[in-house]
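Below are the structure tokens for one structure; questions will follow.
Letters A, B, C, D, E and F name the chains as they come in the text, with residue numbers starting at 1 for each one.
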């Protein structure tokens, strides 16, 4: 029987035992509520890192915190743009503050190893800022051994897998919004939230090497997707999920040992 | 068959139709990650308003936004205190900013009727501030018909129900932390997250008419609960749930019409 | 002859002696500028806790800081609402920052025992946040023995007194805005600021178990009061004042000893 | 009989009449809690502009708001420095936010003419910022005729008066901290808060043309005063008070007409 | 003779004429003070976009604002990390606020076309946030035609050029910190700030697909560079400079017309 | 040959050597982009303190940081007002945050002696606040020996020099905006940025002893200057420059020793 890993589902004495006595890492999924085209629900950016987090936690003995469900503003060249209906975003400072506050609380509980698992491209730098601010304030609290890993799950899809998923050529993560990666993963994990009969079939969007604000609505395909997910499948999703979970599981052991090893050299 | 009401599970065209064409209200559950004693998981403050929101939405034709899963700092006299392990809270300004940002986004989508359904006592005033700031900025955007209802679900438990739930006398909502109300609702909705064999049986906590900071740990019962949930049951939970869902459903129709009626008088 | 207790009226050497050598507590009244109906001035929320603070300070040997004269936004169900003319409020973050800054300054002077005496219902949570932020930053300064009591003076009106003040039944503090409590205290302390010939006589306001924003002006009685102060009298004011002053005086000795006692057990 | 001018002492209907119907200006005293040497209380920076405000209001038909009682950090070359015991200051952003919030509330009530009467040198620029931020947000509210005068009362002491007050030479406002000006005014208005037997008699402090942070305590005279108030007298105070009140009264009529006149040219 | 394009060097009447009458775009270089290895000064991130901006401005008839000289925190995988000596960075919110404030001021002057030319990888998202906040507040001012282009100059180095600059294979912009691109451009524009005798010759750094905070110092090559600039030359710099200037000049005309064209379709 | 003093032009190993091994002070010029009349460019407030900083650094062995090029809002009585075209200013909090962030970074590098050299009158108090916030946070980092000097270069123009520069009487620094001081210094240092054929010749502006917001445009001379620079000359500029550089050089040695000496007494 699998052990519970979701923090919210634990009673506090059990949580305390895992965090303080077992020194388990805490994984925090961070996503967004964002339109993902006519064929898919608006929650993949939070469901996918959440599912990855649970699988990784079960594998390595970690805990999963409640997901941060609202993210930073969608950018036109990576998510269609924040002018689109359904996309529901936070100001950068709000997101950074949320990350900072939560990290400091977990540190107060005794946690010293955290991993933020990101599912929304635009979040990264504001999460980085939140981590930096938390570590700064924890230093002021006298805590100097708090270590945070920050990753986006798709960065663990290696070249072999890319070749298998995109046999006709990889368009780049840049236009992977509502595309093959996300749709396949959703077909694998939450098939009832995908309707392949509505999948857009237009060519991948192409953008100039600059951004314009306010966004120029005509630049985003009317579907809201930046490439077609027509080639998505649950099988590809299973493969992708496995690659990410295995990759992240390995990475975390490495990462938390890295400083120790480095200073040992 | 029931219609989907959870925003994250809708594709954006369907969401747009419901928000713009049908002018459906959006319900936002807001809770906390907070210790609730040895017999219960740490997520009732978010699961309970979430379940209420879904039931209300199905009844009145509304949508449910992703819950705000982290809340304001637990206070000793209402939640045991924020020094306790497991309780994971935001600074007040972070919470108000989150509420503000999200409300403005839903307004941008075209929503004009929002309801925040609170499940964590300490959130209220910071949610109020977030609402006030959002309405102010929406005025600056030229939006003057945005209406927000803010409620805590337990305020809909009427006196009759209280008499039935607490036949030996109602200790007051003040000490209802991890007590009969929350535990019964969890037994009704998520029985696997309650372990009645661990339920504390101590007397209700009593506090002086002031607060002390930092909290004095000895004032909080060692269980982390402020009263005993020994009298909790799934049946009471079903009754409470029904009372809240019916009460809130009725309240929302009234509330959104109130201004219209008022100005008509 | 009575000793001066108001900090602003002391020369700094005398203040320093009292704070550092005698370790006197500092009491900070916190109120609001808020309409209180046609029969009363707009300053009771700051005058009343100010008078209580002075009386308590003289009794227990404490100091009284300048009052924080502007408070958080009036809520419709407890103060009539912030849309009313005359009510002059701060954003929540401004109020919390003010409390934080002042507490840190008193700590720098050497004070270790503070009491915030609140006279405006809506202030509480933002004062709590300011206290929490101050204590956090003081930890970073290496100060770990700073203790703050937070109270609202009316919470010291005990049941016996309530029975004497409201012989025909207590409507609850919720609607005690510009009502018998405040008006009686003002008649006792500042009779020239009350004009009983203008006192409203309408029934106590009643509200649904939720809040609506923006406020629905018609919900607030036209007088701006939430209940009638027709039964107010200077005698009741004298009784209330005495009960509050004695209760708070006793509470403060208890409170500042509580941690010591707790850790001694 | 003199009319009441203090806003806090008015019932809201009277306040509304004065602000909306009579369009009376609102004067806001802004001061500090700051050590002022061994011979004087710590509240002159708030009492003096408060008294000036009341006298001006009675003369020109204006209202006086509750004073902002805590100010910006004392600087070594103008107030002895913020390291001194008793001096109790706000961060700059807190002060600016307070000013902003209050101004916006008075504008909401209908006030269009405000005057901030400053009694603490170091406040000026943060008050200016608060005014600028308020005017900006009021523009967003659609209010374009809100006019604010900002002044420090001592800037109305003209050269003739200076010659009479300082017959042996004017040391400059820079070292007028706890000196002849403030002490004379306090002797005139609040003689029980001055003890001339403790007045320092040292020479005026002199400082280099730069500031050093943290302050170098030895640069501030041990008394905390920057010059001697030995030559202060109640008579000088009466003269100074009269000059300030008359000057400010004249200035305000001019100021509020200035834009009108300017645009008429 | 070339026309002056640097705003700071213009007298205000000339600036006003260019901004208001000629509607010239304003280009704002944004960089950082950051270590760039032992062979190069710490200012390339601000000098390079500054030089590009001037050349573009002369070509298309635009103005160049003072550079924002301090940027966001260096990240280990793109700039070596912010723990390194010499790297001098702002918090994210400070940078976003700076961008916001400046954009709003240029809008007040009458400018409607802005381009931020970025020279420091880590700045991008905080600049994006500053732009978004400025456009929001400008809407509140009633300004709806303000258009901002945001670009990083290296994104205009096309594939042909990459092939010529990196004949032995392009390591990716990710490790182009203190590498061939920046060093060649500096050799072309500011040769006295490069000392090729100190150029590191180590292999390109390689990093795992995640970030760790605090940075693990051993992951960054001791030189502070992420790849070797041994193959840099002034000739390559001239080519790169020309490609960027031409590309950006073309892009700007397109970009400012894009909305017009889009809405015309 | 002169040693490089500009931090941006040093490679990081050299910078580290100077800051850590030689403990050189860091001088930070801080200015503004502000209209300075029809005869002069808009950058004197940043160029002048920048030139002073370089000369002082060469004389005393210090380093010069990149200038803070945007400053606080121009005030009508000292800079013509922030409503003028070309003047480009930051909010007060943005400026204070910038100063805070930069100071903390230099402290991280090992610097312990900083001097902010101001060239824009209105910056002072916000720089002071930034310094105070930085020192506070550095204390939390455990750094207690960080010392900051803050000065405005014109405060080093002594009375003798004033008599030589203004033989017909000194109008006061208050109206020295675009006047003889700044224009002479620019003629000495950057003659190509001054066009004396356009110099205004009107009388010095005079203002009442109060400020009005929004500014009354008619109060500022149409030229944007507050006095005439007709009497400016490169010779006067050379004299002024020399007096400032010598005065500041002397002041800095004194200042950094002051605490040591003080505590030795």
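The working rule: a residue touches a chain if its C-beta (ideal position, glycine included) is under 8 Å from a C-beta of that chain, and two chains touch if they have at least 3 such contacts.
In this text, all values refer to a predicted model and were calculated from it rather than measured experimentally.
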Report task. Moving only to chains each one touches, count the minimum steps from chain D until you reach chain F. Result -> 1
Report summary line: In terms of mean CA position, the chain most removed from chain C is E
Report summary line: Relative to chain F, largest Cα-centroid distance belongs to chain B
**Report entry** Chain pair showing more contacts of the two, B-E and A-B
**Finding:** A-B
Query raised in the report: Between chain C and chain F, what's the gap in Å when you average each chain's C-alpha atoms?
Result: 47
Requested in this report: Using mean C-alpha positions as chain centres, tell me how far chain B is from chain C in Å, no decimals.
Outcome: 28
Report summary line: Taking each chain's centre as the mean of its CA atoms, chain A sits from chain D at a distance in Å of 54
Report task. At least two other chains touched by the same residue of chain A: list those residues. Result -> 91, 93, 140
Requested in this report: Make each chain a node and each touching pair an edge, then name the shape: line, ring, star, complete, other.
Outcome: other
Query raised in the report: For this entry, which pairs of chains touch?
Result: A-B, A-C, A-E, A-F, B-C, B-D, B-E, C-D, C-F, D-E, D-F, E-F
Query - Residues of chain B that touch chain C when the two form their complex - result: 72-73, 75, 82, 91-93, 96, 122, 124-126, 128-129, 131-133, 135, 147-151, 155-156, 208-214, 216-219, 247, 251, 254-255, 258-259, 262-263, 265
Query raised in the report: Which part of chain E faces chain B closely enough to touch in the complex?
Result: 139-140
Query - Sites on chain A touched by chain C in the complex - result: 140-141
Query - chain A to chain B touching residues, read off their complex - result: 7-13, 15-16, 19-20, 33, 35-43, 46-47, 65-70, 84-91, 93-94, 97-98, 101-102, 105-106, 109-110, 193, 195, 198, 224
